[in-house]
Each structure stands twice: as structure tokens, then as C-alpha cells.
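Structure incoming, see below.
Per-chain residue numbering starts at 1, and chain names A, B, C and D are given in the order in which the chains are listed.
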Amino acid sequence: MDGKPLRVTIWNEFRHEKANPEVAALYPDGMHEALAAPLRAAGHDVRTATLDDPEHGLTEEVLAGTDVLLWWGHRHHRDVDDAVVDRVWKRVLDGMGLIPLHSSHFSKIFVRLMGTTCHLKHRVAGERERLWLVARGHPIAEGIPEHFDLQPEEMYGEPFDIPPPEELVFVSWFQGGEVFRSGCCYTRGQGRIFYFRPGHESYPTYHHPTVQRVIANAVRWAAPRDVAPRQFGRSAPLEPI
Amino acid sequence: MDGKPLRVTIWNEFRHEKANPEVAALYPDGMHEALAAPLRAAGHDVRTATLDDPEHGLTEEVLAGTDVLLWWGHRHHRDVDDAVVDRVWKRVLDGMGLIPLHSSHFSKIFVRLMGTTCHLKHRVAGERERLWLVARGHPIAEGIPEHFDLQPEEMYGEPFDIPPPEELVFVSWFQGGEVFRSGCCYTRGQGRIFYFRPGHESYPTYHHPTVQRVIANAVRWAAPRDVAPRQFGRSAPLEPI
Amino acid sequence: MDGKPLRVTIWNEFRHEKANPEVAALYPDGMHEALAAPLRAAGHDVRTATLDDPEHGLTEEVLAGTDVLLWWGHRHHRDVDDAVVDRVWKRVLDGMGLIPLHSSHFSKIFVRLMGTTCHLKHRVAGERERLWLVARGHPIAEGIPEHFDLQPEEMYGEPFDIPPPEELVFVSWFQGGEVFRSGCCYTRGQGRIFYFRPGHESYPTYHHPTVQRVIANAVRWAAPRDVAPRQFGRSAPLEPI
Amino acid sequence: MDGKPLRVTIWNEFRHEKANPEVAALYPDGMHEALAAPLRAAGHDVRTATLDDPEHGLTEEVLAGTDVLLWWGHRHHRDVDDAVVDRVWKRVLDGMGLIPLHSSHFSKIFVRLMGTTCHLKHRVAGERERLWLVARGHPIAEGIPEHFDLQPEEMYGEPFDIPPPEELVFVSWFQGGEVFRSGCCYTRGQGRIFYFRPGHESYPTYHHPTVQRVIANAVRWAAPRDVAPRQFGRSAPLEPI
């Protein structure tokens, strides 16, 4: 492992796995545990949190002790408490990395950080997705081939109503004829955000080694820097006026 | 005039002018009228709206008939109704241009579109601001010299907690020793946003011809395009799967 | 027409049309004339220039009188004189717009302005290209549907060795499984550059009305602004030191 | 040290130090050695190369064994052999980091990678430069205060004829009234470039600990990733056509 271990929190809605046997078969311990395993194996200090935990598992203490937060939500975005969203938002601006996955494009936290609707096209048809790397030298590209396929995957298509990514790492090709900006980097305050498209709950996407590698790279990329807090507000002159 | 006339709405808090004789002396009809005059002279169809108008003057009808909205707010951001903010936000995403001026960095609409706190440093000390053009070929730069001075002006200093501008047009130098990203372009949905720093209420900034020219250029740049509405949601394949 | 007429020069290698009857059948007067027709119809002042003209038709006088230069080259990039490339480069930095089309990704002028190799993947297989609009509010998007198809077209695929586009307007989907950043905006000096992918010589691409509309929009977008020349070099202080 | 040691090569013109006693007094072993010391202390594998070495010290072997190249040139850019520039250019595109310092804005390699003139304003008047951090969460910002002063320094002022930085990390304020984009990130091919402004030869800038920290951070940021070479050229379809 290049670099020190990070404190990673993986947040999962964790309701599909309980309600849908097909999802449970793929992710018997929840998607969060599938996401956690390779990060633990890489030496990171990983904990998990879910929607139905008290405060959704994201207390002030948990967030204060989190370097990078992964987020997977889908049907129940509205059940996430606004006070918790506000708390996460502040931590991102203070430097915590955030990695919203797949249907988390519609999560309250991502929508708030983007300032747009984050709408898109979608289709569940078991089709092939091919992710093309368009930023070959990016830290998130390390060890990733020029393209890799996922099949089956859900289609997400343009238009994707996000601000133009500051760095665009992946563009997806879909068998049904669409394209999608699938790996998008942003900075907000001192925090770094990487939206990564793949991961429909009824497909085994998070067991795919290349997907796991992308996420591991993104965790490293999104890690907070050792910086002093920013100083705002009324300010005395530094030079004579 | 190059290009067709646009429908411009100028929104002003319009309370400083009533409460502070110093501001009233500079802007006897309100800052909105000072901003309106050169845009009317350029042939645009300009109307104004203020905080204390019903619905803040920003009804559905007014917004539907607005190509570009200028916004000046300062002390009373919190008095702007969330329902009106939501309405403006939707119109921006649908293509209406937005030009938040000066202390509108803290307006609800700008903060929502940016996704950050929009905090900054500030100081009212009557000092000199020098705006340097750093994007010489940008439409907003047309007819603007490489730098121009405003004195007195309020200081706004870095850090400015905004997403990195998609295009950075001006950087300010301040006599007291600070710099500031003073002209910042963004796109959100189909709308274009230009934040422009100058314009403290107790200084005659909006009577300055170069400031007026920048704002006129920005109105032209932010004008909506003739585009079909975007299609989101469930989508049939275009190719066989 | 919104805005004043522009002085457009269309440069074409104009050798395929002479050597290849298939190309001549599609473009009997050369691709430059096919490109010129809709721009003339829109009221612009259009002239053409070709590789085998003296100085390739790009004398100082011609360039000085050009607002926007379109460029189509393919097999004979190396035959373009370096002195002419240098001349075009200076004019772009001074504000002339440049629209390199299709295989002009490898033209000396584009490579020089980008600073990279501009390599890509390619395949001539008569397949379908579908261009997706990913910047809905961009001036170049005006009147363009969310996607449009070209068939047959040549495939260009990622990786495309360009600097990250400052604005990405189109992403292409190809039937054979690739994606490509097909509409890319850059600024260099005071000039604006729009690379647009479609246009293989043995296909009727430049007769397609949507392609023509994209190019017409790009001409308008790339038009130079009325700006004073930039001042460089040794400079006296503006403030006491 | 967070992360593995890197192979760093520091290139210096190394003529001012021989010709000018004032420079020699500040940098008795050359600026390259002053730059090398803190990087060596940080554990990197550092070598140096200078203009008057055979092949300017930048043989194929040296470049193949270099992760990140620092470059300091000033008066003698024209003496750098084009074949060596070409060699460095290829290595950057293949992933080698490049950190052009100060007057290297005019080096052949930087100009080639940027595609513009890289002109700017300048003045040697012993004035104060204040660098403001405008990208607080950037890896290059780690451990750097919100602003820091250098005095005396040479003034570099806008306009700076570069492509818009992909990431803007520092903006300088100068006592004489100018501003400058002082820390600029770019990607070209698989390589990462960080232009950093400070470092006039007759001032002790490279002994300043904050300057040293910025450069150390930039070396880490610019390090190449473990990526497969990119595949260009004719390409068979991945899907049936």
C-alpha cells in the first residue's frame, strides 16, 4: 500500500438486501460489506453505517473520524434526515472525501453539493456497459485498463444534469445506444468528490475486481489533506491603505 | 447592438437605499434603476423587482418572461422566500441566465447553485480595487481594458468558498494586500451564471462605465439558447440488446 | 441571423476529391464548397483556400481578413508549410477562431495548439455514430437535438490524446463499441478553438443538416471579440513600492 | 514520508551562478542543489542535470529513470537542443511529471506543451509578492498557509498567455499593483505539469521553507501512475457492426 491507511466509512441504504432475495443472494451481508472487504484487505480502517441505524450511523463522532465516505442509496433518499445531510455537507467542505455510487446521483448530499437536479436517463435491461478511460494519467486510473466491460448492468444515459466535471475519468458506452459520464471528479470546499456510476443492486458489480480497484484508487485520491481551517469574515488589511 | 434584445429582470433587495441616506444619495431610485439604465439604453427589455414586492416581484409569469436575471442582495438574504428561490433555481436550470452581484455571493440562490458556503473575507475601508482581465478572448471581456480601478470599493478576499470557476474572467488586486476571483462563470443545467464582485452599496460602483460594460457583456453571454427541453427518466433502447 | 456577418475562410486539403472518384461524387466542388454553402446562405462572407494554392491560400492578407478559419486536412498534413502554420498560430492567439474538422486532429496547427500528439483510435467500417449532447446550454448546442445519428461514419475512439477540453459539448457512441469526445472547446491566447469529429471524406457527412448547424453555431461561438492587444514585457509599477 | 521515494531530476541552466557573483553568493552550488537538498532530505532519489552537460544531462537513460523533472531556465532557452526538447516532451506524455519554475515559463518544453506564447509582464524591483492559496484541498496545498510572503521577488503580471489552468492553486498579489496565476496544474498525455512562479535567480527564494514545501508537494502530485501504455491507431470493432 502506497500511503498511510485511511479511515473509511461506507454508508448503505441496506433495504434492498432485506426486501429482495435476488439482491440478498448477491450481497448476503449487504452491499456495504462487499465494498468494505477489498478496502479492509488494502489495510484501511473501514466501518459501515446504514439508513436504519440511529442517526443513519453518521453521528458527529463517526464523521469526525472519517477521512472518506462512500455512499450507496437508491429508493429511500427522502428518508435521510436533513440534519444528517447538513452534517455530512459540512464535513465534506472541511475536507472529508465523498464517493457517491450509482443511484446516489439522486442522494440529498450529492444533489446539494452539485446544485443541479442530477437527473439522467436509465433502463434496467441486463445490457453491456463498457467503461472507457479518458484521463489516463489520473490517480483514479492507476492499474485500470483502457476499457473494461460490465454485463449485466443498468443503463444510465445522457443528459446527466450535473455541473461539468472538473475532471472526467470515465465515459460509458451502452449496448442500447447511450453514453454516460461515469467517473466525475469535483472539489467542494476542501473536500473531493468522485461520482462513480456502476452498481445496480441486482447485479454483482461490486464483486468485479476492476470496479473494486477504481473505488480503492478513488478512496486514496479523495483523502483529506493536512490543511489549516480556512479563515473567513472581517479581515484587517495586510498593507497600508 | 449585436444580437437581438433580451428580456432582463433586475432584482434588488432595495432596503439600504431606504434606510441609509448615503446609499440613497448615490442611488436615488435604487441600485436596480442604476443597473437598468445602461441595459435599457442598449435596447434590452428591462424590468425590475425587489424584496418587498409581492412574491419578491418574481412570479412564475415574470420568470417565464425573463432571459437573464440580475441579483443584488446583502443583509436580508434570509427574508427571501424558499419557494421563490426554488422557482428561480428551476428557471436557471431551464436556461435563464443569472448574474449575482457583489454581496449576492451569500444569496440563497447562488449558494444553492454552487453547493458550497460561498464564504469569503471582507473589509470596508474605502480602498482601491484593481480588476485584472485573465481571459482576454472571453465574450465578457469585449471592450474591457486589461485592468481597471475602482476606488473606493469594499475588499473581498480569498479564500472564496466556491467551486472552481469553469471560466475565470477577472482577478482583483486590493490595496490592503488581498486578491479575489472577481468574475466567475458557471453552467448549471441549461443556465449560465456569472458572479461579478464589485458593487458595495455605499460606493458609486454601478455608475462606472466599465462596470456597466462588463454587466452588459455578461447579460449577452448568459442569454438562453433555443434548445429543446432535456429528456430524463426511463428510456427505451435505441439499439438491439 | 442573430449577430453580424463574419468573415469565414474554409481551408481544405482538396486532394481526395481529385484522386478518388467516390469522394468527388459526394463533393464535386470539394468539401470546402459543401462547407461554404450553408455559411454563405446564413449571410457570412465566406472564402476558401486549399493546400495547392500559393501559400496554401493563407497569406497574411487572407488571415488578417478572417474571423473564423475552418480546417479540413487528412493525408497531407506534412505538406503544409511550417511558415504558414506559424502564421495561422499567431492569428489564433490574436483572436481568430479555428474549427479543425475530423482528421484535422492531426494537422500541424491543431497539434501545435494542443501540445500533445492528438493520436486516437480509428476504423473505416461504415458503422453508425451517434453524437450525444452533454452541454445542453452551450452556444454550439443551439437548435441541436439531444442526440443525432450519422451512418455511415468513420470510427474515432478513445484514448484521444488531447488536453482535457475546457468545454465538452458532444460525446460519440459508435456501433463497434467505442466512445469519443467529439466536440471539444479550447481557448488559446485570445482565440477560440472547436474541434468537431465528423467528416470522413468518402461519406456525405457535410451535407447533413445537423452537422451544418453545429458548424454554423461553432463559427458564431468562435468569432473574435473586439479587444485591445495584450501588453507583455517589462512593466512599470502601478503602485508605490 | 507518505508514499514511496521518487526518482527526481532537477535541470538547471546553471549559467547565472557562474557569471553573476550575486547569484553565486545565494546559490554557491547552483540553484539545482538548493532545490535538491530538501527533496533528498525527504528521501527521494535526486539527480541533477545542467545546460552545459552533454545532451544537457538529459539522455534517454536519464529520462527513462526520471519520475518527475524540475526545470529552471532563463536567458538561454534557445540553447536547449530541439532533439532534447522532443525527448522530454515524449516522456511527459508517457507520464513523467514536469515542474517548470519561474522563468521557465519561456522554456521550449513548457511553450510546446502549452501551445501558446507564455508571455507575461515582469519587473525586477525587489518588491513584495504574496501568494494566496485558492485551492485549499489540493494535494499541492498540504501544509501551506492561506497566504505567504516573499520579499524581495520579481514581479510577473497578467496577462499570462497560457491555456486556462486545469487547476489554479495560487494567485500572487504584488506590491506594485499586479496579480498573477502563480501555481497552475495541467495534464498532457499521461503526464502532469505544475508551473510555479517564484524563483528569481538573484533572490533567495528557493531557501524559503514554504516554497520548498510547495515544490515537494508538487513532486508528489506529479508522480507518474502505474498505467499501461495507451493504444492508438487502427482498431478492430469490439461489437458486431
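FYI, a contact is a pair of C-beta atoms (placed from the backbone, for glycine too) under 8 Å apart; a residue touches a chain by one contact, two chains touch by 3 or more.
Just so we're clear, the structure is a prediction, and the values are computed from it rather than from any experiment.
Engineer: Between B-D and A-B, which chain pair is linked by the larger number of C-beta contacts?
Structural biologist: Of the two interfaces, B-D and A-B, more C-beta pairs touch across A-B.
Engineer: Name whichever of A-D, A-B or A-C reuses the C-D interface, so over half of the contact pairs are the same residue numbers.
Structural biologist: Equivalent chain pair to C-D in A-D, A-B or A-C: A-B.
Engineer: Please flag the chain sitting at the greatest distance from subunit D, going by CA centroids.
Structural biologist: When every chain centre is compared against subunit D, the largest gap points to B.
Engineer: Between subunit B and subunit D, what is the gap in Å from one C-alpha centre to the other?
Structural biologist: Centres of subunit B and subunit D (C-alpha means) sit 37 Å apart.
Engineer: Just give me the whole-number Å value for how far the CA centre of subunit A lies from that of subunit B.
Structural biologist: That gives a centre separation of 32 Å.
Engineer: Mind pulling the residue numbers of subunit D that touch at least two other chains?
Structural biologist: 130, 135-136, 146, 157, 159, 164, 166-167, 175, 177-178, 187, 189, 230-231, 238-239 - these are the residues of subunit D that touch more than one other chain.
Engineer: Give every residue of subunit D touching subunit B within the complex, in rising order.
Structural biologist: On the subunit D side, the touching residues are 130, 132-136, 146-147, 157-160, 164, 167-168, 171-174, 177-179, 181.
Engineer: Which of the residues in subunit A end up touching subunit D in this complex?
Structural biologist: 2-4, 95, 130, 135-139, 141-146, 166-167, 175, 187, 189-192, 224-228, 230-231, 238-239
Engineer: If we count contacts the way the header does, which residues on subunit C are in touch with subunit D in the complex?
Structural biologist: These residues of subunit C touch subunit D: 93, 112-117, 119-123, 125-127, 155, 157, 159, 161, 163-164, 166, 175-178, 186-189, 230-239, 241.
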